[in-house]
Amino acid sequence: MIGLSHYLIVSAIIFSIGLVGVLRRRNLLMLFFATEVMLNAVNIAFAAISHYYNDLTGQMFAFFIIAIAASEVAVGLGILIVLFKRYGSLDLDELSSMRG
Amino acid sequence: MYEIIAFYLFSALTIGLFLVTVMSKNVLYAMTSLAAGMVLISGFFFVLGADFLGVVQLIVYVGAVMALYSFAMMFFDATRDIKEKNTNSALVFLLGGLSALVLVLMFAAPIHSDAIHALYPMHVGVGNAQDVGIVLFTKYLVPFEVAAVMLLVAMIAGIILAGKKMDKSLTKDTSIDDEILVLKDEK
Amino acid sequence: MLTPIHVSLESLNLLTLAPMLIAIAGGLTILILDLLNDKLDKSLYVMITILFLFIDLGAILGLNINVRGFFDVILIDGISIISQILIIAGSMLFIPLALTSKRFHEYSYPEFFALFLFMVAGFQFMVTSDNLILIFVGIETASLALYTLIALHNRANSYEAAVKYFTMGALSAAFFAMGSAVIYGLTGSVELYKVAEVMSTRLNETGLMIAIFGSSALLLVAFGFKLSLFPFHTWAPDVYEGASAPLAGYMSVVPKVAALVVSIRIFGMYIDLGIEWVRIVIIALAVITMTLSNIMALVQQDVKRMLAYSSISHAGFIMAALALDTTEGTTSIFFYYTLFMFTNLGAFSMLWISRHKNRRFNEQYDHPYEKFSGFIHIMPVGAVIMALFMLSLAGVPPFSVFWGKIYVMQAAVNSGYIWLAIVMGINSAISAYYYLKLVVYMFLKEPVKDVDTVYYNLSKPLLAIIGLATLATVTAIFYAQPLLSYLYYMISASGY
Amino acid sequence: MDNILSVLVFFPAVAGLLGFVVDQKSIKAYGLTVATIEFLLSLWLWFSFDMGNSGMQFVELVPIIPDMGVSYYLGVDGISLFIVIMSTLMTLLGMASMGETKDIKNMIITLLFLEMTMVGVFVALDAIIFYLFWELSLVPMLYIIGAWGGNLRIYASIKFFLYTFTGSLIMLVGMLFVAYTYHNLTGVWSFAITDWYSIVLPVSYQMWLFAAFFIGFAIKVPMFPFHTWIPYAHGQAPTIGSVILAAVLLKMGTYGFVRFSLPMFPDASVMAITPIAIISIIMIIYTAMIAYAQKDMKQVIAYSSVSHMGIIMLGLFAMNAEGISGSVFQMLSHGIVSGALFMLVGMIYDRRHTKLLSEFGGLTAVMPKFAIIFGIMLMASVGLPLTIGFVGEFLVLLGFYNVSPFMTILAGTSIIVGAIYMLRVMKLAFFGPLNNEENKKLKDLNARETWSLIPLVMIVVWLGVYPKPVLTPIDNSVKSLLTFMDKKAITQEAKDMIRVSKSTKEAK
Amino acid sequence: MENLVYIALFAPFVSSLFAALFGMTERKVWIGIVASILLGISWISSVTLAYHIYITGEPIHVTMMDWINAGDIHIPFGFVVDQVSVTMMSVVTTVSTVVHIYAIGYMDHDKSFNRFFSYLSAFVFSMMILVMSDNFAGLFIGWEGVGVCSWLLIGFWYHKEDLPREQNPSISPSWAANEAFIVNRIADLGMLVGIFVIYWNTGTLQYDEVFAQLPNLSPHILTIAAIALFIGAMGKSAQFPLHTWLTDAMEGPTPVSALIHAATMVTAGVFLVIRANPLFAMTPDVSFFIASLGTFVAFYAASMALVERDLKRIIAYSTLSQLGYMFAAAGLGAYWIALFHLAAHAFFKALLFLGAGNVMHAMHDELDVFKMGELRKKMKGTWIYMTLASLALGGLPPLAGYWSKDAIIETAFNEHTYFLWFILVVTAGMTAFYSFRQIFLTFHGEDRHTALGFHPHEMYKFVLVAMSPLAVLAVITGWFMKDYEEFITELLPAYEMSEHTHHLTAYLGLIVLAFAISGIVLAYFKYARTGKNAFKQDANVEQGFIFKLLKNQYYVPAIYERFITEPYKVISGILWTSVDVKIVDATVDGIAKFLYTSGDKTRSMQTGNLSNYLNWMAVGGVILLVVAVISAMIA
């Protein structure tokens, strides 16, 4: 049988994949993809727990996470656009005028 | 049996697709696999009986978010291969692996307990959408409304940030000594 | 079949929602006004914002303590009231700083003020709930608005700051979500009082400790980011530098207060459950944070960046108080932040009035120390006030932060953490160096030749704010007692 | 006037604030007037002081932050009375002796604020108020050194500030812990020193607290090895800064030991006798030798200060009335004498813009008045009988002899090594042929300089010949302090060590 | 009578203040006259007091006011005039009055004339406090006071520059002054310790109360107190090894040498021992040590005088030697004899010095006796005075020195310390030799000075007249020895010669006399003759080891220089530059620098690169998680 742990482990693996993505991506757009992956991983966990506890709270949480992810995309892309206009690039290695 | 097959299939596919998302050098591939992964995750939701969530996932992610991303991709003209300097990939994978290991360790624990009683139980014979609707519009009405505000914020933010007004600075900041010089010139 | 649900209006306790609704209504009002007439001046929006904040404050003060509302999602207890008062007060001090004598990009947007009010509402939601979902949504509302406000300053640095803040914020959101998921998995609930109940029954189950510790660790990452604890603080200096000076000052107080309240609720719960590990880790992080940021502040060439590091260090100070998890400790957090708010906002305002578009003194920095060389000769009163703020931040009595510092240290001593108090003392001493450095530049050096330092951004509203901050900084000794007894009463009444 | 202490503390500050209005040209007259009034007020304090009463007088108590136990609590006893008077006197004379100074307005106002903090420290009976003035005194001093100092002034001023600040923060933790313990024992928060006296602390607590307070005070004193800020501070400070620093600010440290460490931690104090005596002896001999090696006249006096502070420290831990009274008297004496010496060095610096001994020689021929006053102060500094310097030094050594003859002999070498470095200065600067051309046209002291030094000369002689009016109140308070310590001590060793005077015993 | 006490004490003080008022003005002769008159008043008072005491035998005790009251210690300004102090007072005022008058003449060309009188009178005042005080603290006031005045007066010609030791063995007046002060301070520490011991064991510092309690104290304490006090005495009385300053002190004006470094101040140590005789009487070991040291110094100093060429230094050595005699007597218990010798010595030694001053005045400050000779004709008065004084010093009857010195030598014999006796007898011979060597070289023999361009002339008449009382006293003092014994032994313990000694008195006296006369004769043959027998410097002798040893004062100053002064300088320098700056301060700065550099290093974590920041965050998060898991597993 597939237990809760199975789902959670898949969620954990996807979360880690997302983390790897966040860490290795230098292109901001693709970095954002990775954050989406991470949030989706959490969603799996919530849905699974919700299912096994027969409780709706998890689905609520997942629902709000989806909403949050969507608004983050909007704001994030907005910032990326102004950034791109100014820098002409999305490479975050070029973003280091402030340091030290 | 059916569940097992679905689970493993979806797991393998999502993991694979997300790996592509994370590792691919091509934005298009990455985005496509991300979208596909999202779709498969909604599959998880359906398997787990969260039908409403599955639908929302499809609509919001695959429909809205992905559309936004693709527009953005076009705007940024990022269809070409992205060159990325990965100076410390060993560290990255070490961290990823470690976090996976730790999280798996955590989740391998007997988290599930029969002693926990659902606070907002699903009802037998009631559709998931109805169940969700009731909880969402009673208990979680406030967060729901706040989420609306949040989306409004996101909308305003998106609009003003991407707007033309941002193209040049409106900050007016000539210094007094400049002005004095001007005055002197006028005399 | 589902049975229809009957909900009585009284049980919803709608009044508990009133403060946030007022803020949101204010934001909407501004948006509508803008729609009706897009030629309106920023001063109007500033005043409308202040008015709504004022009503908001009134609504907060009218709340009863220890009530829940709206299906128990809203929780009004002592710390939520005082933190809301702090948030509103900080916001009211911040927003008049828009009334500079010069024009700045962000203030030409009416949306700036709307977003600001939404952000305030977001913070208020954060602090008035113990439901992780609402907290999460509140955090994101506030953060998204804040990212935008930063970016609206419309300079390359501010974009960079916004991107950095945003990206790391997204990562922290993921950690928060993951942590919540683990909690949910452990207890079947996301409401903290319920969580505490269930978790206390599950503490002795074998194998669960990993998950419990893990959940706290994941949440610590998220809040470590918000509170700029080492090693999650890396965004802070850059963001403070990139943001406009008033916003940087604001960020060093208000969002932190909101995040602290949530941290008190979450980590206080862990500590109350007897999970000492959390306390140890927080104290360790706090100590590292204050020390590291202090020594990094030592070498800064830019005053704003120095203040950013100093804010991090102060946050570390406070975080240590949080880990004590005693009534005094919690009181000290708010006591400290109240006193710190005036001084820090005052200091950032002083930077704000000396803002130049062009970097006259240094290629890289807006506010290098050299800019303040011989400030005493150029603007004696300004120099004295700035020096007062610096001395206050350094913890020289009788200025405001000193009282906060000794209260925090007293709380540490009372809990038996004498070594912590000593570490705090030594850190204060280290920090004195960089505050003093500015004083030295202002008082003991000659003005830089050939480059006129002009401080023309000053206007009457700014003067009033700075005056208020100065007054509050200097006379702290007189209002410390009522403030303290009020805070202590509110906090002990809600059981922290 | 019951609130004379408040007036005494805040009058200079208020005057300082008002001073912003006064014109640059008249500011010195204004400052002198204020300082004179302040000095007269402090004299009035002395005249209305009840000499027979060894306890606190003119007490004022207003709670400020009751929840934290902080109150505005002032009072003087025989020990603090004269230090207050000395502070006001040295401020007045220092100001009077000030020559041409740039930004004189800032200087005068800063001095007035500094005066407030100095008086405040010595009359505060609440630990937090004490700490408040203690820390606050750093700020004007920082400004004085930093704005009017020599080439290394910024380094020196920051070093001074940070060093003292660091120490006092650790002391603050100690204070908080005492308050906490007091709260545990009584259920009340209080920072009042007199309340703290009433609790008996276990020996282990006493030791740790003693150490915490020690760091704060020792840096201020400054005790070896925490003394290295002082050569820089003195070396760079303008004359007035050195005068106040040496005369008053250093006394804060030793005063702190009397006010806090001794009565609150009698057992720990007794245990600390040997280590402190060793440090003091190192201070006495080591810094005296360093003073001998100096090339700069002012540095000699700066190091000599450290050496003399060693004597004061030694006396405080003699645990008998002779030693402690002598030590308190020595504080006054060192204040007057080193203040005068710094003023003298300042006067020659004003003329020649150098303090290097090698630049001078044979000055007596051109500046006889200067040489005479310098000679008198030198003799007071080396502790010649019938000058103020002898009384304290004699009593300290006498008192400490009861503790350890051997260490007293080592400490007593101060009269030798002290003479060695001071006479060297005298010889190099004032004796020998007048070779340097630039020195040949030096003018002797003018009226202003002379008259700001004459009072000090008179005090030096007066208190050397007839110290009774000052020594008696000090002695009364010290005796009751010792009786109190003896009563409070827990361990038998401490009780044995603390020597209550016979006269006090008989009075009982 | 009390008023007389105060007059005797304060007249010099008034004189000093009066002169000080004019200290910075032109030379005014009348200041010297006023000062001398005031000193004269003091002298009259002292003598009157002496007569009063002699008649009544009752000491006068006055307490002026309190000085120090702290804890249990009460120190008043109290003065006691008894047999001992009145002796000292009389001696001091006599000599100082003469010296004051003398100085009017001697200092007449010095522009600091007024200042000189101020110092000189201040010295007399201090000396009076020293001898009159009724307690140890008061003694110490005077003790230090005379030290300072001595410092001021030795360094009176402060403007002279330092010369290398080869040119001027005392380097410079200011150097010599500092040396004197510092050496005295070393001894004063001993004195202070003695005072402390006495206070903590008796609870008081008043002489009478202290002496009353002495029998209750343990011998151990008594010994320590005695040693400590004697160390004090050694400094002031320039006993070995603290003697070097005395010869260097000759840099001061000659009246100063006469008053301070011959007649009065240097005898303060002897006075202390006499004053504290109950204490020393109870510590026979210490006393014996004092006697031995005294004897040693007597010989040691005399030996150096044998080869010295400097007129004043010869006299200084003889002073040193005579102090040795006094200590020998005091150490052997013959306190009154010591005091008697002290008085007698004061008169003839002052006379000798003043005579030397006349010579110096005549020779324009030239002091090398080898450059004089045959001065007798030009300076008859001085020649007579100095010869008289030298005869007294050499111990020829019936002059003062004979009686007192003979008594001391007899005492040594009486105490069965034959070795000491022998040395003292030999020293007496040496004393006679070097005194007359100096007289003969100066006043007799070949005229060596004219060739060198000196044209000596006699001193003013009034000066010579003023010196006459000393001359008279140098002659007659010894005649009153019996009366004095009667007078003084009311206070001091009587010293009785044993039967055995009594029998041998005459023989013993003859032996001493024989030594003395042979010394004079030897000196005459060697130095006084003229013509072909005239004295010539003998290079062989001067190259000899012993000559060099003596000439270089047994290399003691060199040793001090090498092993004390220089190392002190070097160590001070090292302590400053290496220890204080490079270790202590560098540690403090090092901590600050460490913080600063670590700030600089840590700063590099803030690369500005977002990816790096994310890495930090992830690293932090993962480490937190790992720690959480590990600690959970442990728990």
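Observations
A, B, C, D and E are the chain letters, set down in written order, and residue numbers restart from 1 in every chain.
Convention: contacts are C-beta pairs under 8 Å (C-beta built on N, C-alpha and C of every residue); 3 or more make two chains touch, one makes a residue touch a chain.
This one's a predicted model, so the numbers in the text were calculated from it and none came from an experiment.
Looking at subunit A and subunit C, the chains in contact with each of them are B, E. Shared contact partners of subunit C and subunit D, listed by label: E.
Two chain pairs, C-E and B-C, are compared here, and B-C has more C-beta pairs in contact (counted per touch definition above). At the centre of the protein atoms shown, by the Cα-centroid criterion, sits D.
Centres computed as Cα averages put subunit D at a distance of 37 Å from subunit E. Subunit A and subunit B have CA centres that are 5 Å apart. If you average the Cα atoms of subunit B and of subunit D, the two centres end up 68 Å apart.
Separation between the centroids of subunit A and subunit E, computed from CA atoms only, is 96 Å. The multi-chain contact residues of subunit B, meaning those touching 2 or more other chains, are 91-92, 95, 99, 102-103, 105-107, 111-112, 116, 118-119, 131, 139-140, 143, 147, 150, 153-154, 157, 160-161, 166. Contact of a single residue of subunit E with at least two other chains is seen at positions 592, 603, 606, 608, 610, 614-615, 618-619, 621, 625, 628-629.
Under the contact definition stated at the top, the residues of subunit A that touch 2 or more other chains are 4, 8, 11, 15, 18-19, 22-23, 25-26, 32, 49, 53, 55, 57, 60, 64, 67-68, 71-72, 75, 78-80, 82, 92-93, 95, 97-100. By the definition of touch given earlier, these chain pairs are in contact: A-B, A-C, A-E, B-C, B-E, C-D, C-E, D-E. Within the complex formed with subunit D, the residues of subunit E that make contact are 23-24, 65-73, 137, 140-141, 144-145, 148, 155, 158-162, 172-175, 178, 181-182, 185-186, 188-189, 192-193, 195-197, 199-200, 203, 568-569, 571-573, 575-577, 579-580, 584-585, 587-588, 592. Within the complex, the subunit E residues that touch subunit C are 592, 595-596, 598-600, 602-603, 605-606, 608, 610, 612-614, 616-621, 624-625, 627-629, 631-633, 635.
Contact residues of subunit C toward subunit B in the complex are 1-2, 5, 7, 17, 24, 31, 70-71, 73-74, 102-105, 108-109, 111, 114-115, 118-119, 121-122, 125, 131, 133-134, 137-138, 140-141, 144-145, 147-148, 151-152, 154-155, 178, 182, 185-189, 194, 198, 201-202, 205-208, 210-211, 214, 355-358, 452, 454, 456.
The touching residues of subunit A, when paired with subunit C in their complex, are 4, 8, 11, 15, 18, 22, 28, 31-32, 35, 38-39, 41-42, 45-46, 49, 53, 55, 57-58, 60-61, 64-65, 67-68, 71-72, 75-76, 78-80, 82-83, 86-87, 92, 95, 97-100.
Residues 102-103, 105-107, 109-113, 115-119, 123, 125-126, 130-131, 134, 138-143, 146-147, 149-150, 152-154, 156-157, 160-161, 165-166, 169-173, 175-177 of subunit B touch subunit C in their complex.
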